[in-house]
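One chain, subunit A, links the two complexes that follow: it is found with subunit B in the first and with subunit C in the second.
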Partner chain A sequence: MAVIKYTKEVIEHFKNPKNVGEIENPDGGATVGSPACGDQVTVSLKIKDNRIEDIKFLSYGCASNIATGSIVTELAKGKSVDEAKKMTWKDAVDELGGLPPVKVHCSVLAVDGLKAAIQDYEEKKLGIKHERKIDEQSIIEKLKSVIYPKTGHNIIDEKLVKYLKYENGKVEIEISFDETDVYKQNVLEEIDEHLHEIDGVEEIDVKVVEY
Partner chain B sequence: MRVYLDHAATTPLLPEIVTYYADVLSEYPGNASSLHYEGQHSRQLYNWAKQTIADCIHVDYDEIIFTSGGTEADNMALFGCLKAIKNSHPERKKVITSSIEHEAVIESVKALGKMGYEIVFAPVSANGIVEIDYLKQQIDEKTAICSIMFANNEVGTIQPIRQISTLCQKAGCFFHTDAVQAMGKVEQDVNELGVDMLSASAHKFYGPKGVGFLYIKKGTPLEPVFYGGGHEGGLRSGTENVPGVAAMAKALKIVTGKIEEKRMQYQKWTDQILNTCKQIQGVQLNGDPDKRTPGSLSLSFSGINGEALMGMLSMDEIAVSTASACRSHSHSKGGSHVLTAMNCPLEFINGTIRVVLGWDNTDEQIDYFCDKLMEKVTLLRRLSNG
Partner chain C sequence: MDKIIYLDHYRTTRTSPYVLEKMRPYLEELFYMPVAFTQMGTDIAEAIEEASERIKKALNAPNSEIIYTSGGTQANNMVIHGIMRDQEPEQTGMITSVIDHPSINNAFDYYRKKGFEVKKVKVDEYGFWKTDQLEAALNDNSKLVSITLVNHTIGTIQRYNELKKIIRERNPKTLIHLDISMALMTQEIDFEALDADFLTLSSHKIYGPKGIGLIVSKRPVKLKPIFFGTVVTSPFSPGAENVAAIVGLSYAIEEAVKNRIEHHNNMKTLQKYLMNQIEMKIDLVELNGPVDERASDNINYSFRHIEGESIMMFLDFDSIVVATGSACASSDLKVNYILSAIGRDHEMAHGSLRITPGIDTTKEDLDIFVEKLVPIVERLRAQSTIR
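Showing the complex of A and B:
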């Protein structure tokens, strides 16, 4: 807290987080992240007439992880399922009055948790099968969830990814960093984590190149 | 009430040092290398500071070189000594250190690796004590320098320095120890320890920031790292920091005289904190339970994130840290290299805070901290488990 500057809104949601807990017999639920990474969010939903009637979250994470869990559930409550699906991590960050770049990934995780819970609802309650076609475009979409901590933008928009190929379950990526970039290891771990979430991806080969 | 429990990051100046430091700043304007009255007045105080520090650690006056702090002392010891023996001992190309050193040593050693030295990072036990058997195998006639810290900055474990210095003497290599975290907390009979070089930093023992020293045993070869006006016998050029070294010497003298008294006081407080942890449950004390600097606790809590706990405590005016202060700057998921080297599971590493007591703490503050610790851990666990 001494080093990282948070807004009033973040501190308020961290001190008094809203919607903490787990809904009994939820209509949808999901856990994303892992305690080993230091970030984990569990989201559970109650849906009535295609609207999010109730939503709760549990967080095993840092201050901004807790604050983003609180704000995302606040924003989603009362929204229709379709509206909620359109929410982005930028909505959460804006509502909090901004997040330090190194903490933007927390808002991505919270929104991912919400979307995974909705997907769980659609699959279990509505029987909607989510098509899981993997191609280079869908991998790029996934990589947009990987935030470069130095700037708070994703690695695709930052143009760090120089080459990408997908074939028979194998992803090949070339990514460029300065030799001295302190965030390199962190980004590589995040890429690995996110791509492993895609069913069907079996092998990930990330090369660091210098341009 | 602000409660500062981060004394391994830095210590506040003792109130009497604040006064003394300010007095010296105004009363000793002269350059200690000038020959006029102002200069010689400053020189006298400078010499007194050096003698005082030498006395505190039981070494000779001319075995102390003043530096800008611990990092400079570490760099000077490693680069300066290697430079000095490069031509006389070309066969000695190995540099040995541990995997839990401070970055000042780790990064210096990595740089030496790039310069062509063979570098070895010795593993540590689960208690955070360097594996002495591993060192026995590694320290040999090809070794130039071995550098092992006296006490660790994250978990407080004290290393078997006497044993390692014997190994180095047998192999004929030089031994440096970074004693930044031990100075002022543990009695220092440096002559008896058998080390060739030892680093210390004033701001870790209630002296000012920006000043420290390197002990270098008589006869140990050393080349300067800085070149210039030939100060400190040509080994460390740069105008003498008279107020800094005087305040450092005064602080070390005061602190050294109270090591035993503070040890007992800290023991009482750490027992109280550990008892609170027992009630909280799911808490692990990292590092060796006995071989540690007084008042240092590294605590891992299951089911919570250390940064969140630090944040919660901070809002209630309590200052603790997650790992060492230097690490808080970088965002790394891997977390503490010290706890990683000790094979601490990642989940525990992420749930770790460091609590380090100091002279300014009171019974009332420790009571308050224990209450708040219990309250915040319970709250955060409810957040993660429902």
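Showing the complex of A and C:
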């Protein structure tokens, strides 16, 4: 059986998280995730001269949720907005000395929180409209945020998704699991949550198939 | 490291020194197998026989068959598969509830896939089987009803006699399987009076060794074997006997039954005390499971706005061991199915702690636990997205 434990960096950030709280009158802010899924992160930003001058987070979630919130805000602080937008969850995981595969999704959520807060800043303060074309490629990109908890890699790279089609607001997906896969339900919930975040996606039909 | 305050006895218990002492000879000089017509073999066969007699006496099961298994999970599986092995799916009904142990629940799921008539009775907000659903589920095809006497998460004690009456009246041929794993420490178990067809039990929940459990069956045993090999003592559990564990289990059962009332009273006192302390010192908490008709060694609370793995880990830093129903801390990232079934929303299920004291637990242990818990809850709430 796999030994599931946190690195000392994760424990340290869990015990003494940096940048906890909420910025008053932030330049940008966002809440991602939901208590239903077990984790939620709120990120708020203060931007000066196109740099992240201050950043704070709140967390509802487990130790890795708190630790990734702490490290992502720590990494983003002082960065230019463009640099911060290029941050990935792998940066956060590396900085923490690794995360158990089953917890990698927490780092994705924290980075998503940062990016959503930046997007909020750009929309509200700079008036930049983020209009995204929805097509199969953009849906595949979105599904790369869904982590397969057994390996810590996303479900696209894991080749779990066997078929994908998008038409008139409806997404059809076929995905395959072993009969004994304990993560099936979790992955299906994550797919649903992530795809519902895309404006314009109205119907999601996920079929579990055996290949 | 600090002294460990262990409040997770529903997960497992330590093997009692008395039980370990009784087992030791069978791990050392009495290592032999129960081979007939040999001196050492006879000693071993007698030890197994005596263990079974000890168990029958403790559980008032004089006319029963004792079948040893590798644990509670195997015991439940052997009952379910042992009954269902040769049944025709279309004519066979199986009933349990939505909150029974996974070793029952998941085995039932297998038969559902095979086309059997599997029904899972819903429970009320305290975890009691809904009797009208049981009545509706029963029919002429009902072959088996599996009931967990004390729920392993929220401590609900099922109204077994009421359920039994409903089952026997509707279909006297239906076999009743009662899992008493979490019940033996605090509930009176009288096999004759219970009149179940099978009892199942795990040893490591009652201060016995791991790797052993048992089935107590009415005679004749209405099971088919699902394991095959050299039959030594029982056709249902072929292969080498786990002699030391069998002996250990028998003494663990004897001790549990002998000390039950005193233990139950101790647990009741601690339970009341801890529930008072938690409700007095922490706001936005809710008890999961019933207040009455609840096992005295089970406490389960949900703490609003925070998540259980975080609470569990902070307590762990202080060497306090509890369990949580949070999906984050589970191996499959699923929210606790029992808390969902009694109507708890996800936030409440994720924020739950199961606190299960045991024979070594003192009031002082609980004081330390509460003293540590209060600031943990406060700090996690202060940094939570939910207000």
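Going forward, the second predicted complex is superposed on the first by the 207 of 211 C-alpha atoms of A that agree within 3 Å, B and C clash if a C-alpha of one lies under 4 Å from a C-alpha of the other, contacts with A are read in each partner's own complex, and residues count from 1 in each chain.
To be clear about the criterion, contacts are C-beta pairs under 8 Å (C-beta built on N, C-alpha and C of every residue); 3 or more make two chains touch, one makes a residue touch a chain.
All figures in this text were calculated on a predicted structure; none of them were measured in a lab.
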* Asked: Are subunit B and subunit C a fit on subunit A, or do they clash, once the structures share the same frame?
  -> clash
* Which holds for A:Ile198: it touches subunit B only (first), subunit C only (second), both, or neither? -> neither
* To do: Go through the superposed model and pick first if A:Pro149 touches only subunit B, second if only subunit C, both, or neither.
  => both
* **First, second, both or neither for A:Thr31, with subunit B first and subunit C second** => second
* subunit B versus subunit C as contact partner of A:Gln185, first or second or both or neither -> both
* To do: Check the residue A:Ile134 against both partner chains and state whether it touches subunit B (first), subunit C (second), both, or neither.
  => neither
* Asked: Which subunit A residues come up in both lists, the one for subunit B and the one for subunit C?
  -> 14-15, 17, 20-21, 35-40, 58-63, 65-66, 102, 149, 182-183, 185-186
* subunit A residues within the subunit B interface of the complex -> 1-3, 11, 14-15, 17, 20-22, 35-40, 58-63, 65-66, 102, 149, 182-183, 185-186, 189
* **Of subunit C, residues touching subunit A in the complex** => 305-307, 309-310, 313, 317, 326-329, 331-335, 345-347, 350, 382-386
* Structure fact -> So, in the complex, the side of subunit B touching subunit A is made of residues 303-305, 307-308, 310-312, 314-315, 319, 328-335, 345-347, 350, 382-386
* **Touch list for subunit A against partner subunit C, complex** => 4, 14-15, 17, 20-21, 31, 35-42, 58-63, 65-66, 102, 149, 182-183, 185-186
